[in-house]
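Down below are the structures I want you to see.
The two complexes that follow have chain A in common; it is paired with chain B in the first and with chain C in the second.
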Partner chain A sequence: MITQEKYRTRVKELLANNSVKMVIGYKQGSTADRRRPLFVRSFEEADELVLDSNCIGNLAGYLVTEGLLSDEKRVGIFLRPEGIRSINILAAESQLNTEQIIIFGFDTSGREVKALQGEQAGDFSGLIDSLKEKPPEKSSDALLYRIDQMNTEERFAFWKDEFSRCIKCYACRQACPMCYCRRCIVDSNQPQWINTSSHTLGNFEWNIVRAFHLAGRCVGCGNCDRACPVNIPLRFINARMAQEVFESFDHYAGTSQTQEPVLASFNKDDSETFIL
Partner chain B sequence: MSEPFEPKIIAFVCTYCTYAGADLAGTSRLKYAPNVRIVRLPCTGRISPMFILKALQKGADGVLVSGCHPGDCHFTHGNYHARRRWMVFRSLLDFLGISPERVKFSWISAAEGGKFADLINSVTEDIRKLGPFDQYKELIKETETPATL
Partner chain C sequence: MAKIGVFICHCGENIASKVDCTKLAAAIGEHPGVEVSVEYKYFCSDPGQESVKKAIRDNNLTGIVIAACSPRMHEATFRKACAEAGLNPYLCEIANIREQCSWVHTDKDMATEKAMDITRSMIEKVKRNNKLQPIEVPVTRRALVIGGGIAGIQAALDIANAGQEVVLVEREPSLGGHMAQLSETFPTLDCSQCIMTPRMVEAAQHPKIRLLTYAEVEHVDGYIGNFKVRIRMKSRYVDIDTCTGCGDCMTKCPVKKISNEFDCGLGKRTAIYTPFAQSVPNIPVIDKTSCIYFKNGKCKTCMKSCQINAINFDMKDEFIDLDVGAIIVATGFQVQNTAGYGEYGYGKYPDVITGLQFERLASASGPTAGKILRSSDGKVPETVVFIQCAGSRDPSKGVRYCSKICCMYTAKHAMLYSHKVHGGKTHIFYMDIRAAGKGYDEFTRRAIEEDDASYLRGRVSKVWEENGKLMVRGVDTLLGKPVVIEADMVVLATAMVPQPNAKEFAKIIGIAYDEYGYYNEAHLKLRPVESSTAGVFLAGACQSPKDIPDSVAQASASASKVLALFSKEKLEREPVVAATNEITCAGCWGCVLACPYNAIEKKDIFDRSGRLVKRVASVNPGLCQGCGTCVTFCRSNSIDLAGFTEKQIFAEVMGL
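So, the complex of A and B:
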């Protein structure tokens, strides 16, 4: 509550002196514990802002909405640490200029909400570095543990079962702040790489491709996983990719706006034990 | 006795090293397993993981990707980029249940005709042992059967 009030006041302040043209935050959603995005342009709207432990969605993706930042005016946004990492990646990939972004950083533990110190992406580098020190969690989840224990055939069968439910709605893509391509590979038809019918084969291919395109870019915000209408545990796949780039290339996505994208760079001494 | 299983293997190779190595194997009259269909590309950096998926989608039992040794790339660092990508892609396939044994990677230079012939033989043998990629073929078959209501 205290943080919410503090941020509401700050939002009004910034709007009043024209420092931002809009602030992207959260408001009450369709049920008591749901929050939905709010685009604040006026004082009245600022009063609708909600900030509590139910604010879980990563809002960073809205920043790359076509035309939003092209007038070079500033936009404020409520972000958790993962969201701030998304901003760094988007900047590193030349999708936005962090100087245009005013961050209302927050994090939650239990029902507590605490404000994060800073307003510019660069202000949070210490915090993000400390997150990197905590290596990605391994098999803390019972289901993930089970997948890890399976042999290849069992794993294939497991994922086949999961992907057979995919309806190719692409909600995972739409919800992901890192999926900003104007033309997704799954939409191109000359050549058509991925079977577009929602047969399991095409679903398999779609999910492989999306995970690969997010390797070293996913921040683990969980937007995709929550968006999936058939509850495919997408978080495991993306987390595995994050773990792989961390272990192989010491890459933790989104530490700074000058970080080199991991799959667009290389080191001459990269491991190649698997190459014959 | 049933016939031994003859796997279909697609090889994506770069034109400057591995393709030239394959050429050398041929001009040296080295014999190797006829199971591999070679697709020539300008550089390993041009070999997108999509190609691997496409090969599987079209019914391949195994895929081989091969290019210049580190330091030898015609475009100086295409193979370094490729190496990183493969590392990540392999771990993804493994996690989703597509055995990394079916997707192999190698460095073969233009001078290594012998290595090319040996590698094709050993890869063919390995994939023969794994057998046809039935799990994937089932998925392919499903796309070919008309939809039922």
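So, the complex of A and C:
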């Protein structure tokens, strides 16, 4: 509550002196424990801001809405540490300029909300570096633990079964802050590399391609699997890719806005002598 | 409507023995869009090509497929035939039914089936091929040669003598490289300085050569025919145009005890110095790290001693920007640091030296004026042990390869020693004697037979000091016995290794290198002097260990490649280049970073009122090498490669 009030006041302050044109935060959702995005442009809207442990969605994706940042005015946004990492990646991929973004950082443990020090993406680098040092415990999630124990065939069967439910609604893509392409590869039909019908092959193609496109970019915010109407635990595939990339290239997505995209960059310590 | 001609080649028996070509031709004749489907013994022959041309003209074909050997063999041949028959050469595809089919299968029926699949898939592709026009790029007729060792000098002279401009860049204060350090050279024992110095002078005075010493290449941009390079002229603190090379400054400099790099630490030099007496240019530089003035702001003795005021302590590094059309990399090698060989006592015992140090001792212009003397006490050694492969062919020390020159120079050292020290005894520990080359085996035989070198086949396990002698313990594997030799001097034939900065430097130029840092050739056998980047060539020991004859031969070969490039005003390039789709590009710039040839630029798109609408990626077709890296990277599928478009590849895959 204290953080919520503090941030409400700060939002009003910034709006009052025209430092931001809008703040993206959370408000009460359709049920008691759901929160939905709120786009604050006025004092009245600022009073609707909610900040508690139910604010779990990663709002970073709204920043790359076409045209939002093109007037070079500043926008404020409520972000968890994963969200701040998303901002760094978006900046590294030239989708936004971090100077335009005022961050209301927060994290939760249990029901408690704590404010993070800083307002610009760069202010949080110490925090992100410390996250890189201690990755979350695998055993903390029962399903992830179970997947990890499977052998290759079992894991393949597991995902095949999960993907078989996919209805190709692309909600995962819409929810993911990293899926900002103007035209996604699935929407390209000349030629149609990925089958659009929801059969096993097409579903596999889609979900695996998306996993590859997120390799070294996913921050594990979970937007995708919360969005999935058929409850496919999507973030675990992406988490696995992130782990592989971390182990092979010591790359932890979103540490800074100058971090080079792992699959596009070449380092003399890489095991291959050439990018090809 | 597609009218495709399919020409099925027997390749003598190569294809016909495993693929039923008659059946194949009949089946393919049924495929939609195929107008002509014929077989012949050798389509690559003259009559074969004529029949292809005739079929194109007679049937107004819109595309052809040659079902034959790998496109590496004859794609160019058949494209040319197409062009002669009036069909755009990029409407010709090769279906490889030899390397990928007949040569690797035994069952004729199944091989025939597979040949049908391969051919059909190419028919589907060629139906979607577009007419492409070769790209023309202008050529700047000026070459950059990096490295002023024998290889760089030779390449520069060859190009300049053919009338083209050369810029020769050497990072040290003088030209010469390692050859200037050598005493006499195998297999003819001519004096290295005597044959090298005239070359250095010729290069420096050549009207077509611009010599930049004490200079380094900072940055390379551009592409074949059109490179842009930035060169840093390190400040010498001596004005190169006024200095007469009198040397007064060097005699006056109070700092006299700096270990001389050129003499491998066996001699001393001053803080203002030329590396050696015959330096080209004969203009000193001030070594900032040892000069007293740069340490505490006092001294300038040299400046006072200079009669013509050529010394200027305020000099700053300068930059020169140049346009060049071709680059020859001739940055040479280093000898391996022997510190890793604790067991041989290098660095611990002053009389354990490297082969290069021995060269300096044996050189008439060296620190001992050509006398072989021990550094410890200045005495003439009576017994010298040479240890070959000290570092080479030793995976545990990180060098698996053979340095190629050590067998020869060790034999040379033994000879020089026996010529200079009568009655001296030499022992050479070796693994194998590798003396392949004109006059080389004769040379090593001479060392054994005339100069009494005693060769011991085996490795040395330890060198230690006892009563003023160096004790060398090894094994004579031919006798199967351990041996201990009392020596006065031990010479290590240390491995040749790439320059320590070779990998970083390769990245500046944009060429590939191997696990050690030697620069990779485009093809080990067929394109040994071209690098992986068009317009960049290799010469000398930067590519692999080489002796002088090999370095010179490769330098001349590179020069001839450069001259061939300069023989035309414009360059024709394959039009297989990438292009971005500016509408769908998300502007992530991943491709910009991924492109190994720096061919992709950022481009701003404005609307009619000049407002920035978006920023996208844009490929420079002059730079693009058509490697396809960007195509595989782009997540939004916004890049396509001409000649291998998504549509074409998709059709090809679906045709299988």
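General observations
Throughout what follows, the second predicted complex is superposed on the first by the 257 of 276 C-alpha atoms of A that agree within 3 Å, B and C clash if a C-alpha of one lies under 4 Å from a C-alpha of the other, contacts with A are read in each partner's own complex, and residues count from 1 in each chain.
The rule is short, and it goes like this: a residue touches a chain if its C-beta (ideal position, glycine included) is under 8 Å from a C-beta of that chain, and two chains touch if they have at least 3 such contacts.
If you're wondering where the values come from, they're calculated on a predicted model, not measured in any experiment.
Of the two partner chains placed by the overlay, only chain C lies in contact with A:C181; chain B stays clear of it.
Look at A:Q95: by the touch rule set out above, it reaches chain C but stays clear of chain B.
After overlaying the two complexes on the shared chain, residue contacts for A:L263 are found with chain B and with chain C alike. In the superposed model, A:W193 makes contact with both chain B and chain C. When both complexes are overlaid on chain A, the residue A:R240 reaches chain B alone and has no touch with chain C.
Chain A has more of its residues touched by B than by the other of chain B and chain C. When the shared chain is aligned, chain B comes close enough to touch A:E153, but chain C does not.
Looking at chain A, you'll find residues 185, 193, 263-266, 268, 274-276 touch chain B in one structure and chain C in the other.
Contacts from chain A toward chain C in the complex involve residues 70, 93-95, 180-185, 188, 190-191, 193, 213, 260-261, 263-266, 268, 273-276. Interface residues of chain B, counted against chain A in their complex, comprise 49-50, 53-54, 57, 70, 77, 80-81, 83-100, 104-107, 119, 123, 135-136, 139-140, 142-143.
Across the complex, chain C meets chain A through its residues 503-504, 507, 512-515, 520, 532, 583-591, 593-594, 596, 612, 615, 627, 629, 633, 635-638, 646-647, 650-651.
Across the complex, chain A meets chain B through its residues 147, 150, 152-160, 185, 193-195, 197, 199-202, 204-205, 207-209, 211-212, 215-216, 236-237, 240-241, 244-245, 248-249, 262-268, 270-272, 274-276.
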